[in-house]
Every structure is written in C-alpha cells, then in structure tokens.
Amino acid sequence: MNNVMWDIAHLAHVELLTPKLDESTHFFTEIMGMSISDTKGDSVYLRAYDDYEHHTLKLTAHKNAGIGHYAWRLRSADVLNEKAKTIEATGLGLGWTPGDLGHGRTYQFRMPSGHLTEIYFETEKFKPSEAQASALKNTASKFPGRGINVRRIDHLNLLSEDVAAFQNFQLNHLGGRLTETIIFDDNEVKGAWFSVNSKSYDLAVTQDHVKGMTNRFHHLTYAVNSREEVLIAADIALENDIFIETGPHKHAVQQTFFLYLYEPGGNRIEIANATARLVLDPDYKTIVWTKEERAKGQAWGLKTVESFHTRGTPMQEDL
Amino acid sequence: MNNVMWDIAHLAHVELLTPKLDESTHFFTEIMGMSISDTKGDSVYLRAYDDYEHHTLKLTAHKNAGIGHYAWRLRSADVLNEKAKTIEATGLGLGWTPGDLGHGRTYQFRMPSGHLTEIYFETEKFKPSEAQASALKNTASKFPGRGINVRRIDHLNLLSEDVAAFQNFQLNHLGGRLTETIIFDDNEVKGAWFSVNSKSYDLAVTQDHVKGMTNRFHHLTYAVNSREEVLIAADIALENDIFIETGPHKHAVQQTFFLYLYEPGGNRIEIANATARLVLDPDYKTIVWTKEERAKGQAWGLKTVESFHTRGTPMQEDL
Amino acid sequence: MNNVMWDIAHLAHVELLTPKLDESTHFFTEIMGMSISDTKGDSVYLRAYDDYEHHTLKLTAHKNAGIGHYAWRLRSADVLNEKAKTIEATGLGLGWTPGDLGHGRTYQFRMPSGHLTEIYFETEKFKPSEAQASALKNTASKFPGRGINVRRIDHLNLLSEDVAAFQNFQLNHLGGRLTETIIFDDNEVKGAWFSVNSKSYDLAVTQDHVKGMTNRFHHLTYAVNSREEVLIAADIALENDIFIETGPHKHAVQQTFFLYLYEPGGNRIEIANATARLVLDPDYKTIVWTKEERAKGQAWGLKTVESFHTRGTPMQEDL
Amino acid sequence: MNNVMWDIAHLAHVELLTPKLDESTHFFTEIMGMSISDTKGDSVYLRAYDDYEHHTLKLTAHKNAGIGHYAWRLRSADVLNEKAKTIEATGLGLGWTPGDLGHGRTYQFRMPSGHLTEIYFETEKFKPSEAQASALKNTASKFPGRGINVRRIDHLNLLSEDVAAFQNFQLNHLGGRLTETIIFDDNEVKGAWFSVNSKSYDLAVTQDHVKGMTNRFHHLTYAVNSREEVLIAADIALENDIFIETGPHKHAVQQTFFLYLYEPGGNRIEIANATARLVLDPDYKTIVWTKEERAKGQAWGLKTVESFHTRGTPMQEDL
C-alpha cells in the first residue's frame, strides 16, 4: 500500500470569504439548514447536522467573495508530523499555526495554484446539547427540518491555471488518488478529481479559463440524503430568490446529481446527493474523459452553461 | 350522470378539538409546516402551503381531543341550496349558519353517526402577501421549507358503530361514490371509503369497536409530494418526540403510503403521499375486501397495530 | 354546475403512427414497460400496468410518424348520445363507428385543428389472467419490473395553428375547463391546458409554429409514481440509445416534472410523475402566463430547447 | 495508522448454498436484476450492474440453504502475503488455493465461529461486451431496467454463538474497525458491525440464539441507489410471491433503510439503500447500544419480528 495515498482522512473544512456576511450567514442557516457553532471576530463557524467536527464552514467578511483556506484532517498525529516535513521539503510550506476554534495545530502551505491549505489531526468533536442531540445516537445532531437540510460537507472544487502541477503535488506529496480526469488532445489536463477515502472524490480541480488570476474558487458542495431532496432544494432556492445557475441534473463525470446556487456573497454552492457511488477497488484505474466525450454535455444531455466554465470567485471585476 | 354523485367538490376543512391548544398549534406550524391564517376566540385557523382556501384546519381548545365538525365544499351555490333541502327532508338537518372565518353560509346537519357536518359554497380564497407568494403562480403560497412541509388536506377518517347507515346517507343524499369497502362474512360493513372527485378517497368511515361512544374521530390526513417526504417526516417526528403509532408503510386498502402520528392534543394525524392513484373510470366497480384478505395485514405484510383498531378521540378515559 | 364541463370522464387512448412499427413496439414494451393487449392488421394495442381499459395506446404502421386519432371516454351512454348530437350540429361531425378492439361504438369528428377525435362510453375493462393479476386487487395488473414501469396514460399535447379556435370548441361543445393558458401581448393564445376531471390537465394544445401543416402531434405522456422514477427513466433512456430531448426538469406551467424522449418512430413521448397537483376548486380561476413570464424558462431556470417549440410529427420533411 | 485496520479493501463475494439452484438463480437474475457471469459445475456466478469484479455472488447447489464461504479483497499482493502469515500463526489457517473463476489465489481460514473465509488480491475485473457496456464509462455495466436493479454488494451478516471471539479475531488479525456494537448488561456482546473502508459497515455478526449450530448465515445485502427503490423492491417482491420478512423500515443501528426477503432457496436477502452514511472520522468512537435502547425496536418504532432474531440458514430442521 502506498502510504501517501491514504494519509488524508477527509476534507475537513473550507473558509469562504463574503462581502455580505449577514446575508451569507442567513443563507447557510435558514436556506441550507446548517447551524452556527461559534463566531469570532469577522468569522462565523457552521456545520451541517451530521458533520462530526466543530465546523466544516468558516464564513469570513471580506471585500470580495472567494476562498480563505481549506483544510484536510489527516489519519493520525504521526502522519501529520511526517507530512509537514514532506511539504516543508518541497519549499511550499508556510509553517505551523496553533490552530483555530474547533481544531488543534495546523501545518499551512500553498498548493502550486496558490491556494492556502491546512492539515491537522487534533479536533474538537461536536457535542450536542440535549436540545441538539439526535434521537439516533449515530447521528451527530438532530435533523433540522429547516430549508435544504444538508447532511455533511462533501467536496470542494478549486480553479487552477495549471491543473497538472496541482495534481502532481496532491498525489506525490499530500495523498489521495486520481479517480477521474479530463484530458484534451494536446495532453492538457483540464480537470482532476481526487479521492482520499472511499468516496469517489473529495476535491476537484478544474482549469481556470481566466488568465492571470490565482487562488480562485469554483464551488463547495454539501450533501443531502436523496435526489428527491436535491429537487426540493431547487424549489426552496426558487422560493427564496436564490440564483440557480444550473441543475438539477446528473454530471457524466462522477455521476453527481447536482444543483448549483450562488450564495448571497457570490460564491457557488452545490447541493448533491450523498451518492451510492463509492470507489472500493484498491487498484482502481482512473477514468479519462476526452474532449469529444465532454462535448456531449452532462449525463442526460444538458449542455453545460457557459458561466460554469468561466465564473469563479473572486471575479475579475472584484479586483 | 347521477347528479348526487358529483355534488360535492372536495373535503374543505376539519375542526379538531385539543386540550393543549398551544402545543397542538406548535405541532401543526413547526412540525407539519402549516401556517396560521387567523385566530378567533379559542380557535386557530391553519392551512397547508398549497391549500387554496382560508383554512383547512381549525384547532379549538376543549377539555378533550376529538372532532368539532368537518365541512364539504359543494360544486355551486345552486347545488348547495338543493342539497340543504334534501337533507332537511331526511330529518337530520340542523339549519343554516352565517358561516365562519373564511367561508360563507353553511348548512349544518348530523350524519347518522352523530358527526357534525357542514356544506357550503362561498369561500374566501387565500391571497398571499408578497412575502407569502410562491414563485410559481400555480401554487397557493410559498413552499415553507419547515418541518414536514405538508402540501394540502387529503382526507378524513371517522369512526362509526354503524358504517352501513353512514354509507347509505352519504351515497343517497350527500354525494360521492364508494371506491373501496371491507365486508366481513356476516355482511357487516367494517369500512367504507368515499370519493367525491378523482382522488381515490376523501372520507373514510371505519367501525368503532368501542361500544356506546359517538362522534369519534380516527384520523385526519395531510399530503406531501413524495414517499421520500413521508420517510423524512418519520425522522422529523422521531427527532421531535412526536409519537409514531405505525408506519411508514403502504396500506393494501387504497394503497396509501402512510405514517401515523399523535399530535400533542391526542388526535391521530396521518402524513401520506399525494398518490399517483386516481379513479377516473366513470363506472368504477367498488373494490370489496374480505376478512381473510384483511387478515394479511398491510400491503407488504406489516401487521396492523392494535391501537389502530381501537383508539379514537375522544377516548373512553376522557369522558 | 355546467354540464358540459363534466361530460368527459378522462382521456382514453391515442393512436400513434410509426414508420418503424417493430422498433416502436419494442420501445413501448421493453423500455416503457407496457404490455401488448392485442394486435390487428398493422396495429398493436398496448396499455400501462394500471390502465384499466383494454388499451391506451394503439400503434399503427404508417409512412410517417404522427397521430391517427385520440379518444375521450364520456361519463355515461346518455351523455354520449347527447354529445354526438351537439357535435353534429357544429358541422364538424363525421358520424358513428362500430368501435374498435376494446371499446364500443364511437362518434367521430374533427377538431377545428383537423385532429381526428372519438368519443365513446362502452368499454372492455382489462381482465388480467392469473399470471398478470396484481397482488393488490386495486391495481389493474401486476407492476412489471421492466424498464420505466409507466403506470397510466396521463395527457396528450397537440399542435394547432389556431389555439383559440380549438379552445372554443373544446370548452363550448366537448367539455373540461381551462386550467392554464399562455397569452401573449397581442392577445394571441399560445397554449391551452384542459382538465376534464381533478387532474390539473388531460389535454394541452400549443401553437404550431410551422405554417401550413395540420393535425400535428406534440407529445403523449405516461405517468410514473415518483420523480425518482423519472430520473431512473432518464438513465434507462441513456443506456438504451433513446434520444433525450430535454429534462428531467420541472415545467413552470402545470409544474409537471418532465422527461422528453423520441420513440424510434419519431414521436415525442413524455415521462412525468403522477403529480400531487390536483385542481379541486369548483370555481378555479385559470392561470394566465404572459410572454415575459414564459421567457424565464422552466421552473428552475432551464431554457426551453428550440426543438420543443418547433418539432411535431409529422415533420415537414416527412411530407 | 494501525496497518491492520486498513488491510482489507472491501467485501468481495459470498457463496450461498441453495437446495433450489434454478429458482434461486431466477430470483437473483429476474427479481434482483443481477447478471450471470459464468457457471461451473453446480455453481452459478453473478454480479450486480455496478460490481466491478467478475462476481459478487456464487450460488451453489446443496442439500440445504446456508453459506459456503465469503471473501475479502485485500489492498495489495504484499498485504495478502503478510496477512496469510499472520493468520497461519493463529492456528486457524487452512492454506492457499489456486483461486476460482474471476480471481487469483486465495488464503483460506476459518473464523472462530467456523465460517470459511478467503482473502485474495488478484482479480479479474468485469469487462462488459459492447451490449453490456454502460453509456457512462464510470459504471461497471449497463443499468438493467429489470426487477429491483441492485447496484452492488453491500454487506454480509453472519451468526455466531460467541460474537466477542469473532470480533477479536477480526480486529486483531484481519482488519477493519468496530463502528457499532450491542452490549447487554452482562457485558455480553450481542452484535458487532465492522467497517473496512468508509462505508459504515461491511460485515455484521450477531448472536446466534440457536445453540449448537455453527457456520450460520443471517443475510446478504445488495444496495440500490435510493430509498424509493427499496419501496419499489417491496412491490416487486409482493407481485412475485417473494416472502417479505420485514420492512421497508429504518434500522436504528447503522440507520440502514431495509427490506428483508427470503430467496427461494431459503436464504435471507436484504435490499438496502446505498446510504449517505459514511464514517470518515479516523478516530471514530464505536457506538454502543444497550439492551434498553434496543428494546425500543427499529428507528421509527417497528418491533423487530421474532424470526429476525432466530432464523438463520441452515435451519435446525435442515440438519
């Protein structure tokens, strides 16, 4: 077993920047159905009802939308220490921090794409109050019955001008495996989907078609329990003036049943079903999609909307 | 066409009595996802998000649980006037009332079982405020995104010692047709399901196994859009300490996918999916279930819980 | 009560023409999950598992795709006789026929749009063999467990250059009511949705944008029990090389959750869920959609594909 | 990282014994929707449409129902060699075999409960013919559109008189972690649920209440994509005279939405949804259920049927 492949346990949390902190917070609590764990300074910490950690989303007030940082939880404290050394040796390391609300010390670094990334192990597991506790002790907290009722953080999609460089760093130094990829005829890697556990992906990186911007964010995904709930989410978005970019429909890549919304701060948020699709094969062969295959659109023929290829946060006009 | 058969347009509303008005109101608003249209005296008037009238449920404070009255909306003002005369001639009529919040004058009478029944035509259709209006103009008001999100009133189930007498009055004088029935070997009618439109039933009457009580209520049903939402409703009940009597499961009779809850006042409430099943055949032949067939339990083999056969409101201990 | 409004019980069956009878038959049996009731000459008669009549679809070999005729079942033999006289008086009547496999004598006429229409009452209800019988006696036959598993015929959509003329004939002479309509600024009626029972529509007529063609067919719809099954239908179409024109998505008009396929003969077939939406209000006010409202696309923002506005069968190139 | 914990990749296949090979084969192909990969001697090899290996089920003719053996696929050839040594040292090893149709050499051993178990790495991945290939290259083969349409093998439940002994061997020598367990007041372990990847369990062992029998089988589970499909599966079972023992309902333990059937040979088969529930936390704390908690029945209150506690295959009367 390649130890690097399994060093990461899961995607832990994402910090999103928003120029409208109050509206964004309202969106994630009242529309998405998430709960506030805590607030500190200009930041609000939130979790979905079955997220087991203190938070999976940190919203921070900022002049423009975008991503602050994201974090992986590693498999053990030992793996964390070794990993920090490995990254330091690549020259992209930034060093240790004492951590944040909800988790212990982190090692920070920048991916080749410029995205600020953290790794940690020590965490504060969410302990529900009596009122918050689920009737089923194998659920992290009560099903909210509010808005979209998202269950857990699912995956993150970043933009990068050089997907191949991102991919090499991820697979050689950080962990995970490449379950699907898009490669055009010129051998240019257009997208890469990484899995760090049995989910078919936890992080996607797709090519940034806007030149000269770095550290751009494409979308963050929360999972619900069924496709029916993704359809209900579309109605909830419609009824509450939340912009629907595209969907519900099924991606050909990874087969995700998707719905893309823009939260009030401008970041793209995906609602997806917690899919039946798992990758359990230990020597799984990466699925490679060609230009011709991708030109067919999504699984059932929907043409991909133009903004999906070009819009990321921050946007050009933000800068 | 038998004019009597089509005189009734639909089940309009039900008045439930509750010894815990506040808790019951909280159940119907926060757990069921209904909205308060108005209050008057000891009564609260509520509707589901796609109910088109002022209210479909009137909750009234009372020393015990049970049913106050229920109402049919007829097809026209002319039909109403003729129907009042027909009922008056049976000797069961009580006379005209000026109506209530949300609807015009009603003709009141008692069914042979003693249940207080009203018929009317003039109604106040719900006009949503801008904040309440749905983004889809063919929906009566906004999808709530709160609790069980019930869509509309579906049907009512009453208890009667003499189901045959109830049935005769309904079919000969009031309207509707008998779509399904349970008849035991002794030719005793154990249950009767009446449809007044294309739904497969709007009113059910089943035998009261408790002797000497009258005017008893079995359950009131609100519909959601899918079976998945009935399953989610079960989780919401579980998480909020609402007693689940039985289900989710599928009835053999009428094929309803059911979940039975007790609201805090003690009345049984059913959540069902707004089924695909319609009865469009103009000379539909009533489905007759025998004792042996009913002994098989529900559609997928679930044995019917004992309380479902015996418990109605008011309960014996209430009196 | 306007007697004309309720004279029709339901949409009974549709005869589709196909240049590929074998492939079309395979589509309706193996992909849609329907069953063959009988064959006669160049025609195959089919029904969905919960259709109660002998057939709801007649496939007839022809040089091009299109519609042969469609039929309404009326409420009674008396209504049929009166209706035939009414239509004869309009000058559009063609006269009585002895009927076809599965139903008794019909009165034939042409709608102002030229579509051949039949009305009848006497019918042969489907009697399943022991092997075909459902375990639930309130289902017309066994759930097939094959392909898309459509449950029942739902509605028909025709094309007409003069929607207003079609509408006037339908409402004044035939029956039903107008539940939704699209009217552009020039007061031109672009689409009309008629309901003859509690379903929110049974027949739609939309404007034919191709000039000089008559008797054109837009689509025929079969209902499944849930939106989840519409999604599964999309996968089944994808896996079996059945062209998906658009969907799954939700129409704003009538809120139908739709999937449009082309059967091998070229006719457009819709799979929709048997919706929760019923129109029970006896004085329901027609929903009117404007040009601006329709420009928003479907319920969740999907733009309507161009072919949906222009393609009907027969197609121009067929003639 | 405890290397033992992650040595196993996934549950690979199960050999079920059946006294009615033809009827059992018909059940798994026509009712469950699986496909035959091959046959050899008295055995039929089958897979679900998204199983990536040659087979996940081997049906073998035998005088009574029960389990022949089951197999784990390990993470690598190296892990396999080391694991064989580890097991040999425990004294429970049986030795190497050259393998079977579809996979390479295996190391065989008996669990403390007597169950014959195999481990292997080399496998023959399923290569669909053109006709079998899915339109989506990330699916192992075409969605069948036949019967219950199971997607993949999910988990296995064995019976053992001494659950603790089984558990110790599994966790100390084989791999996986204990995600949930039932422990009664006398510290007796009544049930143990093991996960070897991110699924919340792959193998369950529950106490055999019948004394003196060994090597008994409780159930084998195949997953479908949604709860709606579990409900449809119940109808398909009902329509095809397949005995439904209990369900559909939701387990409190592991939250599985279940349906239990008896295949014609007598073995219990579960249909479950491929759940949203994943265990990604690397230091997850085992959920412990007490006697009082289990006495509450299943998640929504369904009492567990008696046969679920006592019936395994082979049955006492078989011997």
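Each chain carries a letter (A, B, C and D) given by its place in the written order, and its residues are counted from 1.
Definition applied: a contact is a pair of C-beta atoms (placed from the backbone, for glycine too) under 8 Å apart; a residue touches a chain by one contact, two chains touch by 3 or more.
This structure is a prediction, so every number in the text was calculated from the model and none was measured.
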Chain B to chain D, fewest steps along touching chains: 1
Residue-number overlap at the chain C/chain D interface, same or different (half cut): same
Centroid spacing, where centroids are CA-atom means, of chain A and chain D in whole angstrom: 32
Whole-Å gap between the CA centroids of chain A and chain B: 46
Multi-partner residues of chain C (at least 2 other chains): 136, 226-228, 235, 238, 299
Complex contacts: residues of chain A adjacent to chain D: 1, 6, 9-10, 50, 52, 73-76, 78-79, 121, 125, 136-139, 151-152, 180, 197-200, 223-228, 252-255, 273-278, 280-283, 287, 289, 293, 299
Sites on chain B touched by chain A in the complex: 31, 134-136, 142-143, 145-149, 226, 228-229, 232, 235-236, 238-241
For the chain C and chain A complex, residues of the former touching the latter: 226-228, 231, 234-235, 237-238, 244, 246-250, 257, 299-302
